[in-house]
Each structure stands twice: as structure tokens, then as C-alpha cells.
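First chain written, first letter: the chains are A, B, C and D, and each begins at residue 1.
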Amino acid sequence: MHIKITSEKLDTQKLIEMVEDDGAGAIDIFLGVVRNNMKGKKVISLDYHCYEAMSQKKLEEIVNETYKKFDVKNIAVEHRIGHLQIREASVVIVVSSAHRGASFEACRFVIEEIKKKVPIWKKEYFEDGETWVEGYSPDVP
Amino acid sequence: MHIKITSEKLDTQKLIEMVEDDGAGAIDIFLGVVRNNMKGKKVISLDYHCYEAMSQKKLEEIVNETYKKFDVKNIAVEHRIGHLQIREASVVIVVSSAHRGASFEACRFVIEEIKKKVPIWKKEYFEDGETWVEGYSPDVP
Amino acid sequence: MKIKILFFAIYKEITGTAKLELEVPEKTDGLKLQEILEQKFPDLIKLRGVGKLAVNLDYSPMETVLEDGDEVTFIAPVSGG
Amino acid sequence: MKIKILFFAIYKEITGTAKLELEVPEKTDGLKLQEILEQKFPDLIKLRGVGKLAVNLDYSPMETVLEDGDEVTFIAPVSGG
């Protein structure tokens, strides 16, 4: 397991090398990328803010749950914070497994859980202002 | 659309750059990787052979169908042929889309279709011999 | 008792602060803390029902009774990934 | 008429050749071609029912009537990806 929250540019190739395994026949990789519009409004750039200690803890819980639910070899996740430009990756999730189904499903599970549970907030900058993006409201036990 | 059959090492990062798009919020990448065993038998290395002209045509058909079925921005696919070692990638599929669901589903669709339709054959080398891998028998119209 | 309160994102903008050490009565729960904070930062009323309580890095019901030294925050709807 | 036959993978191993230009009767179809090839390469009988016919880069029924200049092959179960 590799989990990191960083303000540096994400390096997909490095994470692929981290999950390599002689018994892995499949690797699925998901990149979340900054796109130039939000519901039709032109986005110039954005900031990710986070509650770092809790984000780290929630990411670890999500990855541990993923190992339990799916037959995967290795999982690596990095989330970028700070100021990002269009086309830059905000999150990279890499999963290796013996067979392809598990990689696809586990990778999808990780991104869905991140979007629900990890205390990271996106602020979008438009030509005429800025706004906090309203995402998921986390479930409380 | 980018499609290539090559005997050179696959470069995932290059393909990611090919599918980038200002309107893409998600990129899913699938790597097929050589693993060290086939049904429990130890694999040393393998060869991919192909009917290149027909493989190119079938890949184009698959990618065109994927553009029609899913709301994606760009698709890039490369399949490696020749002699490969454990951990090397045999195929890389990269799909960008505005929203993440389409990338995941389109990427999965492409690999499933490749495994059914593209005339590429894998020969595995074991410690005590070699064998052609029996995969899918393509449907004939 | 003393608790540590962190403010992120919209909460940080509204309160103008990232961190607060606060002396609160014994048995203060999330709901009571919300009231105390709304007195200090009246604009927080706008966020009533929006944020979820987190205590010591876990989401916790608003009724959770806080303890001395707890690290507490309110989590606005998250938008990472 | 003359057709071009390509052999790949297990077919190439059994026939020991990658490519063959063959003079065949008019109206030869995939089934008839299979018989002609089995006479030339008796071991091909082992692959009866295994390979699918492809004509000019497309999978085609065995009953497809071939035409002069066609590029024909038999596709063993594929295992790419």
C-alpha cells in the first residue's frame, strides 16, 4: 500500500512501478484531471484544500477495505493539493491484480469512496469569481 | 484515435498525453501485463504473434464502436508483439472522458473486445516447454 | 476542559481562522459546540446542517460528547478526487 | 483463380510456412479450401473446427465463396490483450 497527499505534480509512471508484481496480469489506473468547465461555466484553475491527517487516515481505511473486498495485488494512491491548472491530475489510483476484473472494480471503488469520504475540498476559479464545489456529504456513523 | 501495433516497449505516459483534453475530467488506463504463471504453471517469458493488417483493422473497428457507445473524448491503444518478459506490458488502453464512468466502462469494453476479436496469439514459454495459449474463438457473422 | 477546533474550506473562510483552542464546559457535545461557535462567528449559522462533525479524525454523530484534548472539526461536503 | 493464404501461430507451425499462393478452382469456398489444404498439410486435420475463416481482413463464414486475389487465413482462438 502506498498513500500520499502532496502538493507536487503526480507521477503516474512511478506509481505503476510501485504496484508491479510478478503475479499481476492487469493494472488499472485512474486519473482525476482538472477540466475546463463545471456545469458549462469556464474554469480557469482550481485549489484543493485538505484536512491532511484525516485525509491520510480515510485513504488508509479505503485502501484497506479495497484489499478486503477485491482480489488485488497492490494499490497506490496519491492526491494532489494546492493550486492546479487545467489538464493536471488531482488524483492517481493504481491497482494491480492477477485478473483484470479485480483491477477495474477495485480502482473504481477507490475513487468512489474518495469522493464520498476524504476531507478534501475543491475551490474553482472562474473568470468572474470563485466558488467552493459542493460534493458529497459524508455519512456519519 | 491512436492505434499502434509495435514490437517496442509500450510508453504509458506518451499515450496519456495523447488523450489529454481540456474538457476531460477523467482518464482510465488499462495495462495488460505478463505474469509469471498460467493456471499455476510457471511462465518464463512469452511471444505475441499477430496478423498485423487484420489486427489493425479490428482495433480500429473496436475503437470506433467504443466512441459510439460511450461518451468519451479520446482513445489510444497500443499492443506490443514479439518477445516479452514478466512484468512487461502487452497492451495499453487509455481513455479520457468528461466524467469518470465513461472512461472506466469504455476502457473495459476495449480490452474485452480485443480479447475476443483481434488476431493476436500468445505463446508461453515454461521451464519444460512452450504452448500456444487458447483464448477466445472469434464469432463469425 | 480544552478542545482544539480546526476550520477548513468554507468554514475557514467564514471564521477567518484555521485553528482555535477553546475552553468549553464538561459534557459539551457537537450540537452545543456548534452553538458556542455560532456565538463567536455569527455567519456560521449559514452552514447549519451542512457540515458533519469529525472528532479525532473520524466522522462522529453531532451528539458525541467531547473530551478534554479532542481535535474537532466540521466537514463541509467533500469534493476531492 | 489464384488466392493468397496466410498462416499464423499454430497454423504456421503445422504448415511450416507463413504464406502460400494457391491456384484453386472457381467457386472454391472456405470448406473446400480447408480440404485442399489438408491434402497438402495432413496435420491440419487436427485443427478442424478450431480455426475461423477470415477473408480480406474480416471473419467470414466457412461457406464464403472465394474470389480471385482474395487474402485468406484461418484464425485459431485468439489470446491477445
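Keep this in mind: a contact is a pair of C-beta atoms (placed from the backbone, for glycine too) under 8 Å apart; a residue touches a chain by one contact, two chains touch by 3 or more.
Note that the structure is a prediction, hence the values are computed from the model and not measured.
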Farthest-lying chain, centroid of Cα atoms versus that of chain C: D
Length of the line joining the C-alpha centres of chain A and chain C, rounded to whole Å: 26
Inter-chain centre distance, chain A versus chain D - centres from mean C-alpha coordinates, in Å: 49
Chain C and chain D: spacing of chain centres that average the CA atoms, whole Å: 74
Residue list for chain D, restricted to those that touch at least two other chains: none
Chain A: positions in contact with at least two other chains: 32, 111
Chain-to-chain touches, reported pairwise for every pair that qualifies: A-B, A-C, B-D
Residues of chain A touching chain C in the complex: 32, 48-51, 53-55, 57-58, 79, 90-91, 111, 114-123, 132-141
Sites on chain D touched by chain B in the complex: 6, 8-10, 12, 50, 52-54, 57-62, 73, 75-81
Chain B-facing residues of chain A, complex: 12-13, 16, 20-37, 86-87, 89, 96, 98, 100, 103-104, 107-108, 111
